[in-house]
Amino acid sequence: MSKKHPLLKYLREEILPTVFCTGCGGGTVLNVYAHAIDELGIDPTTIVSVTGIGCSSWIPSPYYKADTLHVLHGRAIAFATGVKIKKPDMKIIVIAGDGDIAAIGGNHLIHAARRNIGLTVFLINNSIYAMTGGQASPSTPQGVPATTTPYGNPEPSFDFTQLAVASGASYAARWTTYHVFSLLKSMKKAITRKGFSFVEIISQCPVSYGKMVGKRTASDFLRLYKESSINIKKAASMKEEELENKIVIGEFVDKEREEFTEALRKINKRVQ
Amino acid sequence: MSTLSKDFKINKKAKIFEIAIDEDLCKGCSICIDFCPREVFENSDKINPRGYYQPKIKAEEKCSGCKLCELLCPELAIVIEEKQQ
Amino acid sequence: MNYSPIRQKYLKQLSGKTLFVQGDAACGYGAIYAGCDFFGGYPITPASEVAELLALEMPKVDGYCVQMEDEIASIASVVGAIWAGGKGMTATSGPGFSLMQECIGYAVMTETPCVIIDVQRSGPSTGQATKPAQGDVMQARWGTHGDHEIIALAPNSVQECLSLTIECFNLAEEYRTPVILLTDGEIGHLREKIVMPDPDDIRLTSRRFARKGESIFGGKLIPPMIEYGKGTFTHVTGSTHKENGMRDVETQSVHDKLITRIYAKIDKNREKIIRVEKEFIPDGEYAVVAYGATSRPAKGAVIKARKEKKKIDFLRLITIWPFPRDEIRELGKRVKKIFVPEMNLGQISREIERFVDCEVVPVSKIGGITHSIDEIYKAICE
């Protein structure tokens, strides 16, 4: 029986194993993503991966084998917009971290969702700036002593999926790296939806984040995700106090509307 | 961790699965050991070529082919294949 | 043929026509003549009119003009569109130009051929938003961090806004680099008569695409490009990278080789890139060196001075970067003094000083009003 996973063919195999820390959720996302592309039967030559800077950016760059655009910190969605307008029939997929997409890149996230440009955005939320050693991110919970908040984070944290919904995303969902089967289904939907599709993936960082919160193994986090996740359908009938410290997972919105490059092409047709 | 393993009985007509762990990729994170619903894996002292403690396949015959370990693995190091009978 | 049928038809209809338009609009037309099919921009005085012209005209040639949420997104979308096979441009002024610097560096590092129009206005900061200046000259050279060369051209008429924009696109494709059109609020908002060229007379530099197995980040001084979606699985990154595009920040020689080559693309081709307008008289004793809007009253001052029998050479810089050092050296050996009128406190004058032993006299005027002929004439005569 072969020892190599058949889906390794979707990765740049010559540089494996990954440089991800032991138990990094980013690796799980890479795994599920490869499954999603495979199950959808998508030809990798029709994909462009765009990403910014951070540990999560290593999922598409360099590991996933496709045309890759590894850009400036926070700007992946802006670059991806240009790629999509020129290549509307290709799958333009942004995979990057919470700091990258929603801190420095927040403005681009909001406007891409508002335009409903046909990008697929996977936001890997590990609640920390891991690559640079553990600084607080907009999703670091209040009270956590990150390297730039050594007396405890004074800021409340962000709900990125709600931000995407409010900005106008066609498809927005949140899962964790424990809920891999639901995540796989959701990633497949996000990839095939026409409009702006967004999936937030709560992911473990047992090293840079783990040391701040006393969880040093991947399993510590996955147990937490398993125990504190509530599906959005159930959460709808729960009170705010009951939902404190819980992770609401599920599909938040799934409705198609006119996609941006379609609107642009319509104008061109009309004018010519 | 698992709630099933103690009372589990193997159905003779069930599908059989083979498990392989790629020792060139495994980083010994223990997710498979901790989350397999049937406790197929366990810790071991074996150090793989990468220098990590590699999980041991304790009870391959109990594998139900759910593939939770295969999908969770951050390194795509686990392959579950149905054995053709 | 240079163009798609729809663009050819559009340009043929314009061919030979006389238009009375602003410099900004001429830049827009220039982009269309250059084959630009993607413009990403953000409103800013005095550059908004470039976007406004292109918003009207781009759809007619099946191109796209998109208003992005900020200047950073503007240039980012342009770079993305270029790797997806497009020819892209953005336009802005000082504050936006400052925001774009990181991405200009990305375009340098990834060797992305793009055009950035900077319609300079009075700064620093918000400054005099509606008034012209020439204060971004050094920023165009060094605005982005790290060692790099850059190409920047300065038009001095509305007609040149059109022709130099085409030139910018050609230089970008030839040297696989971002190119800056350093215009200013004076020329940008000036209305002049221009004659629209015949598209059959336009020479365009085509993008060179890599053959199978050919490197796009090495192998030759100026490697070929690719277009996404052709099955090449190309990896483009702003990190230091090997010739196959994969990141390698550990090996010292990889960085050395990459940055040296990117630098050399422009540095070793200075003679081909640099354009100046020389008007030397046989026994010139003094010289006036000017560029952009200032070159017009400067030329007027030189003509006036020559009428008084003063022996004045005149040099107009069309290429600002790479700096025409050989032409300046030559001039410095001929004359006793070089006057440099600029709408800044002395940026090109500083650069000239590096290459000449003769005296360099900056004739600076800031505050948003161009020099008058008399102001420069007075300075020359002293």
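The letters A, B and C name the chains in turn, as written, and every chain counts its residues from 1.
The rule we apply is simple: a residue touches a chain if its C-beta (ideal position, glycine included) is under 8 Å from a C-beta of that chain, and two chains touch if they have at least 3 such contacts.
Remember, it's a predicted structure, so these values are computed and weren't measured experimentally.
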item	value
Farthest chain relative to chain C (centres taken as mean CA coordinates)	B
Chain occupying the most central position, where position means C-alpha average	A
Cα-centroid distance, chain A relative to chain C, in whole angstrom	38
Centre distance in Å when chain B and chain C are each reduced to the mean of their C-alpha atoms	61
Chain A-chain B separation of Cα centroids, rounded to whole Å	27
Residue numbers on chain B that touch chain A, as the complex places them	18, 20-25, 27-31, 34-35, 50, 52, 68, 70-79, 81
Chain C-touching residues of chain A, taken from the complex the two chains share	15, 44-46, 48, 50, 61-62, 65-72, 75, 78-83, 85-87, 90, 107-108, 110-111, 264, 267-268, 270-272
Residues on chain C engaged by chain A in the complex (per definition of touch)	6, 37-38, 40, 59-60, 62, 64, 66, 68-70, 72-73, 76-86, 88, 102-103, 106, 228-239, 246-247
Partner chain B, residues of chain A touching it in the complex	1-8, 11, 16-18, 20, 22-28, 30-32, 34-35, 177-178, 180-181, 184, 217-219, 222-223
